[in-house]
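Per-chain residue numbering starts at 1, and chain names A, B, C, D, E, F, G, H, I and J are given in the order in which the chains are listed.
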Amino acid sequence: MLFKVEMTVNIPSSLPSAEVEAIKAKEKAYSQRLQREGKWPHIWRVVGQYANVSIFDVADNQELHDILTALPLYPWMAISVQPLCAHPSSIHNE
Amino acid sequence: MLFKVEMTVNIPSSLPSAEVEAIKAKEKAYSQRLQREGKWPHIWRVVGQYANVSIFDVADNQELHDILTALPLYPWMAISVQPLCAHPSSIHNE
Amino acid sequence: MLFKVEMTVNIPSSLPSAEVEAIKAKEKAYSQRLQREGKWPHIWRVVGQYANVSIFDVADNQELHDILTALPLYPWMAISVQPLCAHPSSIHNE
Amino acid sequence: MLFKVEMTVNIPSSLPSAEVEAIKAKEKAYSQRLQREGKWPHIWRVVGQYANVSIFDVADNQELHDILTALPLYPWMAISVQPLCAHPSSIHNE
Amino acid sequence: MLFKVEMTVNIPSSLPSAEVEAIKAKEKAYSQRLQREGKWPHIWRVVGQYANVSIFDVADNQELHDILTALPLYPWMAISVQPLCAHPSSIHNE
Amino acid sequence: MLFKVEMTVNIPSSLPSAEVEAIKAKEKAYSQRLQREGKWPHIWRVVGQYANVSIFDVADNQELHDILTALPLYPWMAISVQPLCAHPSSIHNE
Amino acid sequence: MLFKVEMTVNIPSSLPSAEVEAIKAKEKAYSQRLQREGKWPHIWRVVGQYANVSIFDVADNQELHDILTALPLYPWMAISVQPLCAHPSSIHNE
Amino acid sequence: MLFKVEMTVNIPSSLPSAEVEAIKAKEKAYSQRLQREGKWPHIWRVVGQYANVSIFDVADNQELHDILTALPLYPWMAISVQPLCAHPSSIHNE
Amino acid sequence: MLFKVEMTVNIPSSLPSAEVEAIKAKEKAYSQRLQREGKWPHIWRVVGQYANVSIFDVADNQELHDILTALPLYPWMAISVQPLCAHPSSIHNE
Amino acid sequence: MLFKVEMTVNIPSSLPSAEVEAIKAKEKAYSQRLQREGKWPHIWRVVGQYANVSIFDVADNQELHDILTALPLYPWMAISVQPLCAHPSSIHNE
């Protein structure tokens, strides 16, 4: 089941940079694990923004919520979620 | 070069339904040709809306503009365009 | 899987009232069938508006999309969809 | 008398985590007491957000105000309230 | 139980003026009956707008909805409703 | 001359609570004096918000500005002002 | 007593141009009479818009409402009203 | 050449009050000098706000920018600028 | 003197296509004459929109207003105007 | 390939002024290098704002993203990006 998720990151300058780097490293590892598992099939950077457009493929709403709130950067993210489904013109089975 | 494009369709009820069906058939054929050519790699339906979320992969801005304005449903669409690029955490080369 | 759906109806005055009544009767029957099947567990009227707040319980995004776009009043509705999941403080298993 | 209430929580990072945990525990107990009393019949988590969609069933506006402003998390919440009433298509007596 | 209700009227120019005058006369009579009954204790004109700010005093949400949707001008109104309660600084028992 | 004024209060948590209580006491006394003088004929609490809807009856714009900017809570308020006048359907002389 | 009023005109193309010209001539005469009487001391055109920024100097809210709703173009105008008063830095007595 | 400029001031409470008073005094002197020079022909207070509506009469865009960014309160202002020109109904040569 | 002007065109489908083509031809000729005169130094198409981003270089506000309102497509355009001036980092004298 | 980019700068007052000056100097040098390379062909100041309107001419989305996120002022900027292409009425080859 597919969802478009848009995330915008806003880390306050008061957070020590070593801590920021540690969080970003965890975020990357966490994201790549989910990508390898097929639950986060697409992630793109938005040009000029510290933001991404992502597609998630999950079993249900609960799994998506659990994945998103476990993001290491979650406390500093604004997140919007939009449920998707198959488009009748799509030639892909996605 | 990737772009997220969101299209919302709003066909006035005054348009004869035969004409609407003809336009939709052309739209589907046009979309599927571009999907097969790899220029429109993703299209998803937004749940509960006559709308889609699409990813386009084009040579440049001009090509995207030409593709979008040639959509058979273009006169009845609200379109938003957002340029994308590679995300540093992505495991895919897209 | 639960979704909050908000629907606002805006029927143009140009639609003949007999046709409007027929559509509303179909809408009511359709809604009540889905309520009896447990797929539309809640529907409330918004005070002062021709609008409702509803909760849907469906198998997946696709089923919700199919249900919503088959609403007899769908062509005259503005619809917003928000995915829900269990709240950790809830005493109910919903 | 029914109301849809949407609450979004935004706890500043400056609040000590022990204090945050204590407030959340009080919030849970307070919410569950009201749920058991039938005044807060539904609470759902919004996917991807520290937010909920709730239905309250209270005697009047004043009781709703008193309940909401007594929420332990009230000082860190953005709250919106929408009065509801019976929908003529509902098969339930709610 | 008190509610602030704001109504903005937008009558299409296609409605014959005799019909408009008849509707407005009914609206005035309807409003004044509710004012005399104490259910619509205040109505003010917004300067420069075909709009009003009103206070309603009703038994419950359902009564307010029934009153508003029975307004003769209801089909041409945009309505917003805000539940009110006693202010702790008020010297009045309202 | 009547005005609808809506005030939303947002006191930063950094303000010492003793100071907050002192300001609120002054605010209440100030508001009640103006109510007794007939310049602030109505004040209602907005349900679920630290906000009010008020009606002011003043000699002119300048008097309203002077009253509002002298509110003890003024530095922490967002204020919106809307000029009102008699509604032709009103049965009251207000 | 001063008010800033912003008016944006939107005349539907279905209105016959002779009628439009007649209304505009009446609007100009009406506006100039009020300017000569000192009640409409300033009117400026907004660059690139069929809109104006105006200052009105009236006895009270009621007079402003009566002046605005009597504008020949009133049925095709969107109007916003903002009450003004003396600025403490002004060197003018306005 | 005329411009409508709207300024809203938001001074953080962390600024020492002696400093605030010094800045306001400079602001007043600066504003009055420009008023006397005819470059700032009108300034009005917005009722209930720490904001003003102003009219500037300058040689060109650059001069307006230089004047605005030299305002002593500029670092704490939100500013909007709207270019104006003569209104064909105006009886004044402004 | 420079201005950024953004124009969005919305031609109703009721306008006969021959008339539309005639207006567009006039628009193009008019635009190109102003470009050659140096008053409209830049015009770009917005990707996916029937809209443009333009830079105008005019003597004053009045000239810009006269140019914009004389656009053959003006009655079907939404226009926004933003005054510009030299940027201190620019290496160009524009 | 052209993009309109709008940047608004908001430097917190807590940043030491020596640091601010150093960042601004780097920003200016960085901008002028890109201007000389032809990648940032236009930059204009928005009147009354610490903001600019810029045109970028880059090879692709990725290059634009890399340029923008390397701006010395990037951490304190709000940035919006709009892809542009040739306008059919343009007499320039840009």
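Of note:
Please note the rule applied: contacts are C-beta pairs under 8 Å (C-beta built on N, C-alpha and C of every residue); 3 or more make two chains touch, one makes a residue touch a chain.
All values reported here derive from a predicted model rather than from experimental measurement.
The chains in contact with subunit D and with subunit G alike are E, F.
By residue number, over half of the touching pairs seen at B-C are also found at H-J, the match among H-J, G-H or I-J. A straight line joining the Cα centres of subunit E and subunit J is 51 Å long.
Computed centre separation for the pair subunit E/subunit F is 23 angstrom, with centres defined by C-alpha atoms.
A straight line joining the Cα centres of subunit F and subunit G is 29 Å long. Taken residue by residue, subunit B touches two or more other chains at 2, 45, 47, 61, 64-65, 81, 83-86, whereas all remaining positions touch fewer. Chains that are in contact with each other form these pairs: A-B, A-C, A-D, A-J, B-C, B-I, B-J, C-D, C-E, D-E, D-F, E-F, E-G, F-G, F-H, G-H, G-I, H-I, H-J, I-J. Of all residues in subunit D, those touching subunit C in their complex are 2, 4, 27-28, 31-32, 35-36, 42-47, 52-53, 55, 82-92, 94. Those residues of subunit C lying in contact with subunit B across their complex are 5, 12, 61, 64-65, 68-69, 75, 79-81. Of all residues in subunit H, only 1-3, 60-62, 64-65, 81, 83-86 touch subunit I in the complex they form. Subunit G makes touch with subunit I in their complex at residues 13, 45, 47-50.
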